[in-house]
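Presented sequentially are two complexes of chain A, the first with chain B as partner and the second with chain C.
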Partner chain A sequence: MDYDLFLRYGPSLLRGFGMTILCWAAGTALGMLIGFLLALARRLPIPGLSWVLRAYIEVVRGTPFLVQLFLLYSGGPFIGIRLDATTAGIVGLGIYGSAYFAEIFRGGFAAVPKGYVEAAESLALPPGAILRRVVVPTMLISILPALVNMMIILTKETVVLSILTVPELMYEAQTMAAETFAAFETIFVMALFYWLLVEVVSRLGRRAERKLTSHLTQKAGAVS
Partner chain B sequence: MTDVTASPIAGSSPEDRPMITISHLSKSFGETQVLKDINLTVHKSEVVCLIGPSGSGKSTLLRCLNFLESYEAGEVRMEGRLVGYTEGFPRRKMKNRELRALRREVGMVFQHFNLWPHMTAMENVREALVQVKGLPLEEATAKAEAMLTRVGLADRMHAHPSRLSGGQQQRVAIARVVAMEPHVILFDEPTSALDPELVGEVLQVMKDLAADGMTMVVVTHEMGFAANVADRVAFLDGGHIVEDGPPRQVFHESSEPRVRQFLQTYHERNSF
Partner chain C sequence: MNWDVVTRNLPYLLEGTVMTIAVSLAGILVGQVLGAFICVGRISGGRVGETLGAVYVSFFRGVPLLIQLLLIYYMLPLVGIDVPPLVAAVGALGLASSAYVSEIYRGSLLAIPHGHGEAALALGFSEGSIWRRILLPQAFRLSVPALVNELILLLKASSLISVVGVAELTRVSQSVASSTYRPLEAYMAAGAIYLIINGALALLGVLVERRLARS
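On to the complex of A and B.
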């Protein structure tokens, strides 16, 4: 391996990695937010609304991310949406993720035992408090693994942003490969970076899971 | 000027004012009518037990009282206020805000406790004190702790529900309700999910509440509790109130064959 290469391209690869993290974090946050609102809205007793939102989810899940991204970036200006590459990438990632997150949250809502909500309602808790204090904390426990899984999938979907020339890791790596013809080294560093991100995300996920379920799995000796 | 002359209801003591009035209440799930023309009045400080075979509509009736279940005909009134609907015709469901105002006066204890698993016993009791009554956190905490002490759980306050026995969980659930100072408490088979040796501790808490003058409607299979604590027992079968009277009358003098059949089955099952 040509270590000299890493010295020369290190800074741009690191910058690309930073950009990847930024796009991933912002896109994931946006996707979770939209997904949560979608799942919430589908529970409203408004005729037809649930159907429309389901159609949105099916369309987003049924088309390749690459196509969606092109539509947003190249087709957007035709309907007055003009985004720079990075913003388009983040918004696109958010839209793409939102459909999957919406389904995860929908399952989460459905899995909250009815009795918890009825207890809260019979105590006259306002709907917002029931959502924040009872429903979301109980459903997080059951959906956390699925949420982390989706976050991990999205880390890897960020590579698609390179075709919009977002200067993220894939883009920088391609530049490096094109300039140096060092295909193996390039792929090697890229794999390492993505693996690192995934590893951090899944570790944080496991830690959050442990924290959320600590009250269910306390050792008998730890209480009295 | 005195209050007495100004009072429009001078002469009627609060003791005979009906707490709950159920008149011509009917309720269906789809095609099946589950409650049929129910009439029942519960006065202040009364303990009324609802008994009857499985599927007779006891839970449904109880859940109509705080509108966890809607009903399509007849009416339920809590301290004169129509439950779940606005006055007038055609009737419309009341706003969530009004329903909540009504539910503040009506507590409910469930068969499966329904404690929130991510909160400790104390946090379970404190939650509505903060979110509904708007008490400052410290005051709410002190009150929650006092309530838990009252039901004998001073040493288990900071345990999560999963670390409590069924009897302890149900006592937390009762404390959670009583802390809100409701005017009525509805109990839906509060001891049915408990191991036999834990039933007594929960019934004792309920007896104490009754002795304090709490108005209670209790769906139960504990005939001993009904016989000793209830002022009145109502027997439901097939969505009808078949018999309604003092426990003595219902348990010993009923001429209604369905009641006698039910009690006989009960006695056979509970003697060995």
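On to the complex of A and C.
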């Protein structure tokens, strides 16, 4: 192992890691937002809308992420969407994630007992408050594992952005490998950083899960 | 939109489609065989088998597929092992899917009630025929939906092997896009083909499942 290499390439690798985290965080946030809105819109009683949204979800889930990225990045300019590689990567990640998040949220909505909503309605809570204070907190408990799982899948998908020349970790590591022929160091760096990212995300997920379900798992007789 | 570009290049796109399907099938085949071994190793290989299997699965599920592919294709030559693109592609897809497949098998095996194996043992079945006649047929039936799902995921993942230059659907659509300067149409055509294959696979899965449920 050539430790000198890490000193020389450390800054660019760290910058790449920062870019990976940025793309992942922004893409995930965008995906969740679009996914939530999609799931919400599918519940509206507008004829045909649910069908159109379902088609969107099926198309996004049925095609490879790489093809979606190419379509957005090199096909986009032909219909007036001109994005640089990083923005295209983030938007692509958001679109890709949105279809999966939409399905997760849909399952969450379906899992909220009808009685909760009816009770809130009979207490004259406005619809916005029902959504915010009754439906979302309840569904979050049941869908959190699936959400975290999808977030972890998206950390791994960020690697594909390197093909669009987004200067994230994979791209920087490949540059290092190409310039120095240092195979093992490159593998070591990538394995370490991606493992770190996945570990942190799953730990945060577990912590969030504990926090959300603490009222369900409290021992009998415990005083909070 | 100029769909002429697509119709003119359709033969190439279909050639790429055949390559995509072939590589995915080869990958899932490797994955099935390796996955079965890993699963059996984890269940009946003692503590060593369990640990090795767990490390293997967590590595191949935790490391992004593109990295695995480039590891095989670019890094192995640096230590003196030359790998042709197609071998690297099938190898990477097979290794990655073996980790997922072994978990699918393990889940279905664990879902079979203990009593089935014990009853067979009490009736004097040998260990080999317990696996062959009692456990594996049931495990297979339970794992069909997950395996079809895995095949669809693998088919989509196979687009990544375009990076090492295998002329599969994504790669072909890339060259159609750059030679005709019509990326929108080329990639939409590629997406449509992927969608059709995945739809057909999902349908096939439903049919097989129904067939297995009837018997």
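One rule holds for everything that comes next: the second predicted complex is superposed on the first by the 222 of 224 C-alpha atoms of A that agree within 3 Å, B and C clash if a C-alpha of one lies under 4 Å from a C-alpha of the other, contacts with A are read in each partner's own complex, and residues count from 1 in each chain.
In the analysis below, a contact is a pair of C-beta atoms (placed from the backbone, for glycine too) under 8 Å apart; a residue touches a chain by one contact, two chains touch by 3 or more.
Quick caveat: nothing in here was measured; it's all calculated off a predicted structure.
Residue contacts after overlaying the shared chain place A:Q68 against chain C, while chain B stays out of touching range.
When the two complexes are overlaid on their common chain A, residue A:A119 makes contact with chain B while staying clear of chain C.
Set against each other, chain B and chain C differ in how many residues of chain A they touch, and the higher count belongs to C.
By the touch criterion defined above, A:F193 lies against neither chain B nor chain C after alignment on the C-alpha atoms of chain A. The touching residues of chain B, counted against chain A in their complex, run 66, 68, 96, 100-101, 103-104, 106-108, 110, 112, 114-118, 120, 127-128, 131-132, 159-160, 162-163, 173, 176-177, 180. In the complex of the two chains, the chain C residues touching chain A come out as 62-67, 70-71, 74-75, 78-79, 152, 156-160, 162-163, 170, 173-174, 177, 182-184, 187-188, 190-191, 194-195, 198-199.
Per the touch definition, chain A reaches chain C in the complex via residues 58-59, 62-68, 70-71, 74-75, 78-79, 156-157, 159-160, 162-163, 170, 174, 177, 181, 183, 186-187, 190-191, 194-195, 198.
Those residues of chain A whose C-beta lies close enough to touch chain B in the complex are 113, 115-116, 118-127, 129, 133-134, 137-138, 141, 212, 215-216, 218, 223.
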